[in-house]
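This is the structure I have questions about; it appears just below.
Note that the chains are named A, B, C and D in the order they appear, and that numbering of residues resets to 1 at the start of each chain.
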Amino acid sequence: MGVYDVDESKVSRTVYEVAVKLVGDQLPVPFTLKDLTVRRGVHLGSLTGLPFKAKGLEEQYSLREAIDVLLDEWKELKPDVFINVITTEYGRAFNDINALYKAIEEDNRSILTASQVYAYAAALYSKKVKPVAFVNVIPTPLANDEAMIQLYRECNGIVLGDDGATGATPLTADLLEHLAERDRKVKYVVQFNIGGNTDFLALSLPERNLMKEETKSSIVKDILGYDAPHFIKPTGYLEPIGDKKYVAMHIEYYTFNKMIDEIFISARINDSPALAGLLVDLARLAKVALDNGFKGTVYEINAFYMKKPRPPGSKSISKIIAYSNLLNWLKQLNALEY
Amino acid sequence: MGVYDVDESKVSRTVYEVAVKLVGDQLPVPFTLKDLTVRRGVHLGSLTGLPFKAKGLEEQYSLREAIDVLLDEWKELKPDVFINVITTEYGRAFNDINALYKAIEEDNRSILTASQVYAYAAALYSKKVKPVAFVNVIPTPLANDEAMIQLYRECNGIVLGDDGATGATPLTADLLEHLAERDRKVKYVVQFNIGGNTDFLALSLPERNLMKEETKSSIVKDILGYDAPHFIKPTGYLEPIGDKKYVAMHIEYYTFNKMIDEIFISARINDSPALAGLLVDLARLAKVALDNGFKGTVYEINAFYMKKPRPPGSKSISKIIAYSNLLNWLKQLNALEY
Amino acid sequence: MGVYDVDESKVSRTVYEVAVKLVGDQLPVPFTLKDLTVRRGVHLGSLTGLPFKAKGLEEQYSLREAIDVLLDEWKELKPDVFINVITTEYGRAFNDINALYKAIEEDNRSILTASQVYAYAAALYSKKVKPVAFVNVIPTPLANDEAMIQLYRECNGIVLGDDGATGATPLTADLLEHLAERDRKVKYVVQFNIGGNTDFLALSLPERNLMKEETKSSIVKDILGYDAPHFIKPTGYLEPIGDKKYVAMHIEYYTFNKMIDEIFISARINDSPALAGLLVDLARLAKVALDNGFKGTVYEINAFYMKKPRPPGSKSISKIIAYSNLLNWLKQLNALEY
Amino acid sequence: MGVYDVDESKVSRTVYEVAVKLVGDQLPVPFTLKDLTVRRGVHLGSLTGLPFKAKGLEEQYSLREAIDVLLDEWKELKPDVFINVITTEYGRAFNDINALYKAIEEDNRSILTASQVYAYAAALYSKKVKPVAFVNVIPTPLANDEAMIQLYRECNGIVLGDDGATGATPLTADLLEHLAERDRKVKYVVQFNIGGNTDFLALSLPERNLMKEETKSSIVKDILGYDAPHFIKPTGYLEPIGDKKYVAMHIEYYTFNKMIDEIFISARINDSPALAGLLVDLARLAKVALDNGFKGTVYEINAFYMKKPRPPGSKSISKIIAYSNLLNWLKQLNALEY
């Protein structure tokens, strides 16, 4: 197992040291984490603007060389599944695989993000060593990038994504499905949320906020079949709220006979544990998919676990429907006893 | 089409007159309702304790005779589907079909409710004239009564029920499914609701409240797989709230790593329109089921539309799953273009 | 300092032992509590129906004798202030002081509550030893009983009460004042609350619930000047909610031009700490009042700290106004530096 | 009575025509409004960036000349009270009265706002014709500008402001006072709000949003005595919400013994009627103040009706306290029967 970061206060420390510093006063930290040291990864500005001292491999190397450094380490670590949980960064899909190749070859740091470089490196490893899965739980478009899907298909690997569906968005998805099934016409949806962890701090920077807004908003049209007016975006950062974010939602809809019903939701949701639970599932499901010979991406997994669950062209669906489909997919693979 | 009531201010008036008096200041009332006159039905105490002057056929007749009166009228009206929307009453299942026969024969008014007498009469009609469906959207156990299921099976009819799933309970069902699918352990569920219509007034009488509590509470264990502590019951009556009831819910659950998340919901939901929408669907689906030769009851319909959706022995499931199953059932019947 | 209880699992133990058993896993318990032993008090059914084994002094003694036992103990303890925090019990005001004397003399256990016997005993002590204050933070009418007020006035003591204003009721009082000051016409008020501590368990018994409903509802008419329709009562008991009760409120009101605004409140409020904070204040203020020669009761203190803040005939007012009046009262006594 | 606007679709029409177009389908519009024609006022960019075609007097005239145009009209209209309800604009206080004079003389349009020009013109009118009151219910600092206060004092007029206290902010003020009086230590305050009227559209422009954030945030420190972390700002615009804005609040605070309580508020509040009610009061109170010879500004009025209720140097206080002070002020003037 390997762990990568670019925060100077973490690189070269053991995960045990890092965890004790962050949550040692609240949770027990297992001693086995003393055997795991944080390695230096790729930065490409993913922490710029945030209060961390960050240094990536690309400060010493070209991107090509940095990728080679990673590949050498992975040949020893022998990973099956990569999980990308870096802070929300601003990135755009390449769509054309040649544009992606060209950006890497030309060391074009202005259009490449850390997530894309990691995903590219994992694809190379998949080609040269053995098929792997790359799970992307942040908004950077990877499973939503035709170029990445093609790259993984060609190297027999799998890319899953994008943006892990935790917190209020999957709840909103299921609520909208609930209303749609009763022929309620949604007048509008408001979803505010505010937290005090690093991800909310990052989202207070406008470009990063935009990334999140895009993955969150797609559910409305996909599930309802029409684009009900909505305001769904990360709303603010307030340090003492900590990791247990505050979510406020309001939906107004027309019921039978054009009368109006109203729903108001207030919630406090622990952000990191919600994601951690998904990661355990995703690592297992990614391995199941690899073992069963899947390539490119797997919509059945993405549809339940991701906010923007695609190969491009596919749709957001309600999470309860997605779960039912996922169970059927596993049943057909005889994989439910996994 | 026929309409039955026992409220003296409605019997023998046209539905137009009744509707104008109730909602004429808020909604347009179609003139065609002038052709429909409210007929006298069976009372058996279903309005006792409420501020209405009520008189049922059973004041002039024995139950057997009252049933004959109804059958004569129905031979003219030629119904396919009966819909039972009387106020929540206190009633118990017979389970043994002979006990039911005996109660009717012996005119045993102390253990028979209006719903049971209507359902019995409709079954007789089904046997003698043509198969019909009886849709029960109140809590009295009909589809949950083995005796009724057997009766309808024998007369080639269908009984659907019990207790139409409107308002907060189907929402709770989908929320619990949402949590269960993420392995959240529910610590407890609270669901309060208060309204100002006749049904809430009836539910302020303890025996009737109990009927409702039973149908609402069954979802928790059925969906979660364990009986999470819950307080789910009609909570009060307050006249100026009117038909747009106020629902307050609170769920606490353990997320990954034993931390606690909290959800609070406040809602205003129009009670009657929510039910009216279901009735339109149910009338159509009941006819589809009859036309396709179903007998007894149809779990696929009950599971989505009812709070206690059974033949006895079956389970409450999440509404989104139930909807997906219902669509599959309709697809198999080639009935989706209905 | 002395402590009285009738719960057999507490009587004769030290407060330290009792506290460790109740909250030892959550809070540090001071060792000094080892010097304080729980004494046996008066029961008179105040725990009947609740899951405690209770035994009061009145099982061995007549009420007159029990009062003498207490007086003997108090002559050693030399209290200035008594605080009554027993579980909500059902009790009625005497109003006529002779009726109260007679009930004691005749040992009439059917109309006397534990609170009334304690208050009577403290008045006797006030007369024979030195003036004391009796602070009643439960709903039993003491400060709302003309008989008690007269009794305390005659013995130079003070009785403060009734029903400590914690939780949702003082919040409702201030919200109603807020609306009244803007000329908003309140259409209705709903206030639900549910908890998992002994007090909520007691309130699930109808007679005790009634006591609470009466003290809570009086605020609506007193503050608004008209009796807006309201549903304000303890609503349920659910053990895993514990001491941090869940409160749901909803207010609809007419704003300018007859349009309707809506407020929904959800809250989680620690019940015991909220009361504990008040008790510290009340003990100090009661002593201030005694030292300044007050007798009978003190409206300025009651108005802020009590749900039914009277001598009979006085009114509930908004808590913010009451606080401002209390500060003025203290200023006039030159007691703010206390 | 006179009405000024710069929106080309309103200028030169009767108020009747304008009102019918805006709310004619919802509310009756009085015919007497046919006698009132909208006059052209000062723009200075107050509608820039919003979807209106606007044209101000300053397009034809220098600011000095525009002010003379207004004065001439007012000499006919003979106003006692001016009310400024223009859309939130970005503006800064002058503080130095000479800087204000200089900006007018030099026609310095880049630092003057429409509100400031109107207030200046009304002050001139106050000096030349008769004392008037200028009521400012938007955030532009007028009563918070030392220069304006001095100007009005010198011309025997009154300026009241700033920013009418409607909606969630006065509610927050009273809630914070409620907590402060119980010694609750506020951990943080979140207040989101979103609406669909022009004011929310204007607030989606960052500079204007900032104006609002400043007036809203000042209450926290003023009332609690410490600057509890808070996120209080207009949060978004969503057209179908219309004038009945959605407000979501969350407060976490430490209760006795360091335990944590939580409050969540959801509200729907009609924005314009809430303000309209205040304007009626303010017009009357302003006249009372003039008639009693007040000059400059009147803190007693500002403190209840304004979000930033000052002469500079004074404090925000709880609204309930402010109301009580206002009643005392009126009592001392023998003006309560006004």
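Here is the rule we use: contacts are C-beta pairs under 8 Å (C-beta built on N, C-alpha and C of every residue); 3 or more make two chains touch, one makes a residue touch a chain.
Only a predicted model underlies this, so the values are computations on that prediction, with no experimental measurement involved.
Peer 1: Just how many steps, at minimum, does a route from chain B to chain C need if it may pass only between touching chains?
Peer 2: Step count on the best path from chain B to chain C: 1.
Peer 1: Find the chain most remote from chain B, comparing centres computed as mean CA coordinates.
Peer 2: Chain D.
Peer 1: Just curious, how far off is chain D from chain A if you go by their C-alpha centres, in Å?
Peer 2: Using C-alpha averages as centres, the distance is 45 Å.
Peer 1: Report, in whole Å, the distance between the mean C-alpha point of chain A and the mean C-alpha point of chain C.
Peer 2: 53
Peer 1: Which residues of chain A are in contact with two or more other chains?
Peer 2: Residues 262, 264, 266, 268.
Peer 1: Which residues, counting only chain B, touch chain A once they are in their complex?
Peer 2: 27, 170-171, 174-175, 177-178, 181-183, 244, 255-257, 259-270, 273-274, 276-277, 304, 318-321, 323-324
Peer 1: Can you tell me which positions in chain B touch chain C when the two form their complex?
Peer 2: 187-188, 190, 192, 194, 229-231, 235-241, 246, 248, 250, 252, 262, 264, 266, 268
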